[in-house]
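The same chain A turns up in both complexes below, where it pairs with chain B and then with chain C.
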Partner chain A sequence: MSITLWNKIKKKILDLRTLIILIFICVLFAVLKDTFYNPINLINILKRSIYIAVAAFSTTLMLTQGNLDISVGGTAALVGTILAIILKANVPLPLAILVGLLSGALAGLIVGIISIKGKTETFLVAIAMKYVYVGIAYLITRGTPIPINNKTFLNVFGTGEVFGFLPMPIFILIAAFLLIWFLYKKTKYGYYLRAIGSNIEAAIVAGINTDRIKIITFVINGTFAAIAGLNLAGIFAFGSPSVASDLALDAIAAVVLGGSAVSGGKGNIWGTVVGVLIMGVINNGLQLLGAQYDIQSIIKGAIIVIAILLDSWVSRTEYAK
Partner chain B sequence: MKKFIILTILIALLVGCAKVPVTTEDQTTEDQATEEVAVEVEADVEADMDETEAVEVVPEHSNLAEFTYVKQPGEEFDINVDYFETVGIESDLQIASTGGWVKVDGSPQAFPEPNETYTIGVAMYFTFDEVAGAILDAVKDAAVQMGVKLVIHDANNDQTAQNEALENWLLQGVDGVIVYPADFHTVAPAIAALREAGIPVIAGNPPMTGEVDSMNFLNHYDIGWMSGVQLAEALMEKKGEVSGKVLYGTLPIFHPNAVGRVAGFKDAMDSYGGDIEYIEVQSLKQEEAYTKFQDALISNPDTDVAWAVMSATMLGINAAVKDTGMEVLIGGVDNDRPILAGIANGDIVGTIAYSGFESGSWTLVQMVNLLNGVDIPGVLGRPINAVDADNVAEMFSYYYKGETLEEYMGTIED
Partner chain C sequence: MASEIILELKNVSKTFSGVTVLKNIDLDIKKGEVHALLGENGAGKSTLIKIVSGYHSMDEGGELLVHGKKIDIKRPKDSINAHISTIYQELTLCPHLTVAENIALDKQDTFKGMLQQQKEFTRLSRNTLNSIDNPDIDTKLLISDLSIAKRQIVEIAKAVASDAEVILMDEPTASISQKDAEALMHLVLKLKEKGVSIIYISHRIHEIRQIADRVTVLRDGNKIGTLKKDEMTDERIINMMVGRDLKQMYPKKKVVLGETVLSVENLTTKKFRNVSFSVQRGEIFGIAGLVGAGRTEICDALFGRMPILSGTIELFGKPYLPNKPKDCIDKGIAYITENRKESGLCLPLSVNENINLVNLREKMRLGIVNQNRFEELSEKYRNTLDIRIQSINMLVRKLSGGNQQKVVLGKWLEFGPQLILFDEPTKGIDVGTKAEIYRIMGDLVNQGVSIIMVSSELPEILAVTDRILVMREGEMKGILNTHEATSERIMRLAALN
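Entry: the complex of A and B
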């Protein structure tokens, strides 16, 4: 085998590393526990990964531009409660959903403006704003989950099925994926985003309005967090201020596992899908095997660390070339 | 007989008036409260006299609802041995007050009038669930009615922050502290410092390490037991026997209340003599409970019962069972509004619950009595309620004053 061919194979393996990991762990769990490949189980993994996947898609954009917004959990909780309150006030469903999405966009816009225009550390602003959003959610509900009785909403965003097995929220997932993929791959915005993440000075010199692009990404991120919040509200049939507290970390872990560069500049939307599935499969497989909380946490954490190390190694290898 | 009862009441009233500090403002209600307490105690004494020689008991505790003594005033007891050890919990809690151990049957019937304007610190483990919210509402409400100044701290589950608040209050010179600890052990140094400075402390959520003047007590073993009975009866009705597979949701961390509840639940289920297989599922948050129970249900499609140690677990279980479409009996502990709504619409068999509102009002009443110089009970046990479809609407309004279940649930839209 020539060196060139071997290098090509090596590169392909590295590019597909997350998919290979996913296949490996799926086979492993299928061997260890036959319930794993039960179609109902596989659909359930997919169904409950939706809200994390939606948040992870926009987190991919955030990471690509070199920012992390961990306020998304607070945004999701807030949007769920807002929706429940306005539905209870008999506001028509489409309007209620629109208000929910706009609330999410506004939440993202606020984080973006404070951190970008204020020239502060995004991570810290996002932590602070998460407290604010969760606080507002508790304030408007007085800590009480608000029931959602609108069946159309519960079907579309929660537990509805098509053909008797396919979860309806999966269409929201597909739409969210296509939108992010289109924005990232087919628009000027996506091109600018990658440019900013790769080398912000060069992007400024090239005349890109970096602040505007970054703030747009925050708005997209807030809107997608809102969709995640609507999905959670649909699953539980309540708008609750206490949900989604780990959403941002789960989303970031999935994005990193999916092979997006931690240092920015290079996102991988397909990789994010695989990253979300890896997280879902690990959680599911370990639970099916009867592993308790402690073991699950250790294994989950270890896999994320390995993914980060792998990412770092791949980056250095590519840089060395 | 009637004359005897009237005479007994009159004697009791005289005794009560002599012992219980009564304010002019609350004269009527105080009298009623004292009267009922006295009659209760009189009845207890009569019952006791049949078994042993007469033990003279005089009610020393103002503002009580209907109550019974578990331990008489002055009687020595060790709650570490008498309760915690029996359910497998190691604890080292000392109680300073010698006013006995009472079990009350509801909210305070009257509020005492403070001898002066007290400033009382209330340290909460967190305030973001419905029980904690009810506790806080009750404390605030009682403070307004009694004219007490409150200083409130929300630790957000961080014991370091709570200890700092307690130390600050020590410097501020608050008159008393009510503490619902976030961590049962690491709160000890802060409480010891308060006690050393002569500031009385009442514990709202024991067990904890160290000495307090009094504690507000819930028997979590009984809570678990009652829940076990509730589900066992439902299972009996469904299958004709109490046997099968039980998924029980508990916490991944050691929490004494959870330990007591799980022990009581299993003992109750086992007491029916059937063959039961228990599978433990650990979670902290609602989403975790949802996914982990979904997995557990898929790998155990023959599950009969899913039980929750607390509200987040029960809400997660409810969503998971709906998702899988399995027919599983759901029950557990806590009275969050969505749980009560779940009982009303038939998703959940029932729950065992207690009033956060009672907890809050009792701790503040106890503290004011203590500061007024009244010998308060060392342990004040609060009631536990079984809630099912038959009484859920009534209990909803009991737990959430001024609200109705119907209003909360709203109308179902197509």
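Entry: the complex of A and C
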């Protein structure tokens, strides 16, 4: 079967479909509203996308292995409140951050162990654990957000700027991206992860400890949810149990928009970046046009549906050989 | 050639939940030998392979020796470590990984450290592919971009790369073209030259005669015997495979055949070509052939589950174009699929609920289910089909295979089909209930229903049908009158070139 030039072009277009969608909506908003491509606005989009991006990066790994952990919103809220409470008790900042990250890792580990070792549906375990994590967050805050006064923390994770325009958390974003990219592309873990998501029978037959690899992914996902939680706490200057309730869904939507295979095996980390930006641009553009939250939400949903249909169509044409 | 024995099986048996699939099998494989395993569907070949590969464990009392030493194979990894590599029927490649990554997968232990060594993967796969005369496969391509035949080559390369001394191949040529099959057999001989031993399962007798040094025939889980190369004649092999006469087990009533109900002319789909036949009222029309020959696909096409590329069908004298299952049901066709548990029954529901699932609309008043009517019908089929249950409210999941099959039958009979497509009617059903299923089929044709029956069991198809269509590799090889047909004749058409 020879691949003709047209097929090659078609394949490239399909591969780059997310980027094409992003460019299209950017142009659309730029035409509709000239404040859209103002640099300040563009940085604003970026700033508001960071916490979703971080969660979406690790969600890309989860989707590659064929699981989805929707408890991460709870984890992010919990980590924010834990940080606020221990900073209030004058724990040194680095230690507080470390505790925050470890709490996230532990939250992921618990979901992972219950669902993998207990041979249950990850989705259901994650729903249940989200209730637990949010509940703990309410318990330690007694329902009222706890203010955070640590200037360094607020700078690094929240509203600080470098050169007067670049938000500080962007460095966290870059570090998170590089780490995930490295794990996925360069480590043995990433190789096994793709093998498991692609054909778990083959992975088992090859003697890979599939349970361990899967649980590691849950831990990474929990840790990244913690980073997202720290970012949110930094932006709001509060540790609040009620933030981030949509985080998991936003992250999943971005990953799917980015073209990672819903059926597993094929993650697309650059695609996830584009997916996050699409979500950010839609929110921002609609806000500029004066749309309320309700309209934003409807349009966002519609675009995700289109992306899923596109993914299904692409995978059908790809394998219909 | 008195060469060294690499792999030896002694007294290997396997029982799945009470059913014996393999009985006291002894087998030995010499260095550099191609040893073929042959048998009808369900003879136990694949199970035997899966025991050696660590996928299933054997029953107590059996032994497996590698180089004369007894080893314990509990997991697939144990088998790989003993330098035994397996190419399963369902390919075990990862579609989203590259050729190089797949070839390196079984060998990952040798790559130290935490990082992927893509360069090493590429080097290993390049060398392996070169060594088996396939230097043209691009190691950077994803498996999903390769043809089935190329994937098969990659499977073999994966086995070679893991330093396999024995490679088990379960029907490697089942889903590839004749030309690709030739290339693959050439490759097998090449491996043999290198001193690799191969256990080769195939249904195609000509292939086996071409490449095998010895052939062992299994039947119903028993080893019937082993033939050396110079003893392999078609006659002997087929005799060993079939070798039984159970005709008396299947009583066939004489039914007078009526007018033509279905006639199919030059029907062609992606999976079979130019199939023509007709079925008369009251006839049981058999379709024989090996797995993958296109038998089920004929039923799928007649039931609107597979697009028809060309050809014409007439049903009850009128042109008929199967579109979707609903239309076919409305025209009086029922399709009882091979996969009872997947597409035949709702396992968590009761017998009552399952039987009434088709044709629900007629049993409802203003959208509300008429329970009495439901139960009446269920009781009726419980009696006429002799479904052995304590109550019609029993869950279908808990019934035996035979009773489950009767529930499926009841469900379809309820709307009075004129033509029943019956794929493997007695698959997974015990001998006693089998006879009952045949009796029910006999009763149905007596009432003027026609049945198209696909079956892998030759004795069954020879006893129950009026005529038999034999398929091989998507082509029709002939239609036999059952009273003139024999197992040998069918096997010849189905398996020989």
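The working rule: the second predicted complex is superposed on the first by the 318 of 321 C-alpha atoms of A that agree within 3 Å, B and C clash if a C-alpha of one lies under 4 Å from a C-alpha of the other, contacts with A are read in each partner's own complex, and residues count from 1 in each chain.
To be clear about the criterion, a residue touches a chain if its C-beta (ideal position, glycine included) is under 8 Å from a C-beta of that chain, and two chains touch if they have at least 3 such contacts.
This structure is a prediction, so every number in the text was calculated from the model and none was measured.
Colleague: If chain A is used to align the two complexes, do chain B and chain C fit next to each other or clash?
Modeller: On the superposed model, which is not a single observed complex, chain B and chain C fit side by side.
Colleague: Kindly classify A:190 by the partners it touches after superposition: chain B alone (first), chain C alone (second), both, or neither?
Modeller: second
Colleague: Between chain B and chain C, which one contacts more residues of chain A in the superposed model?
Modeller: The partner that reaches more residues of chain A in the superposed model: B.
Colleague: First (chain B), second (chain C), both or neither: which does A:316 touch?
Modeller: Neither: A:316 stays clear of chain B and chain C.
Colleague: Looking at the overlay, does A:208 come into contact with chain B only (first), chain C only (second), both, or neither?
Modeller: A:208: touches chain C, not chain B.
Colleague: Students often get this wrong, so check: with C-alpha centres, what angle lies at chain A between chain B and chain C, to the nearest 10 degrees?
Modeller: 120
Colleague: In the overlay, answer first, second, both or neither for which of chain B and chain C A:287 touches.
Modeller: In the superposition, A:287 touches chain B alone.
Colleague: Let me test your reading of the model: by the given contact rule, A:147 touches which partner, first (chain B), second (chain C), both or neither?
Modeller: In the superposed model, A:147 contacts chain B only, not chain C.
Colleague: With both complexes overlaid on chain A, does A:41 touch chain B (first), chain C (second), both or neither?
Modeller: A:41 sits against chain B, while chain C stays out of touch.
Colleague: Once the two structures sit on chain A together, report how near the CA atoms of chain B get to those of chain C, whole Å.
Modeller: Shortest inter-chain C-alpha distance (chain B to chain C): 26 Å.
Colleague: Which of the residues in chain C come into contact with chain A in the complex?
Modeller: Residues of chain C touching chain A: 53, 55, 75-77, 80, 86, 90, 92-97, 101-102, 105-106, 108-109, 111, 113-116, 144, 147.
Colleague: Of all residues in chain A, which touch chain B in the complex?
Modeller: 33, 35, 38, 40-41, 44, 47-48, 88, 138, 142-145, 147, 149-152, 159, 232, 235-238, 240-246, 283-284, 287-288, 290, 292-294
Colleague: Under the stated contact criterion, what part of chain B meets chain A in this complex?
Modeller: Checking each residue of chain B against chain A gives 127-130, 132-133, 252, 279-287, 290-292, 294-296, 298-299, 312, 315, 319, 322-324, 336-338, 341, 408-414.
Colleague: Please name which positions on chain A make contact with chain C in the complex.
Modeller: Going through chain A, the ones touching chain C are 1, 185-192, 194-195, 197-199, 201-208, 261, 265-266, 318-319, 321.
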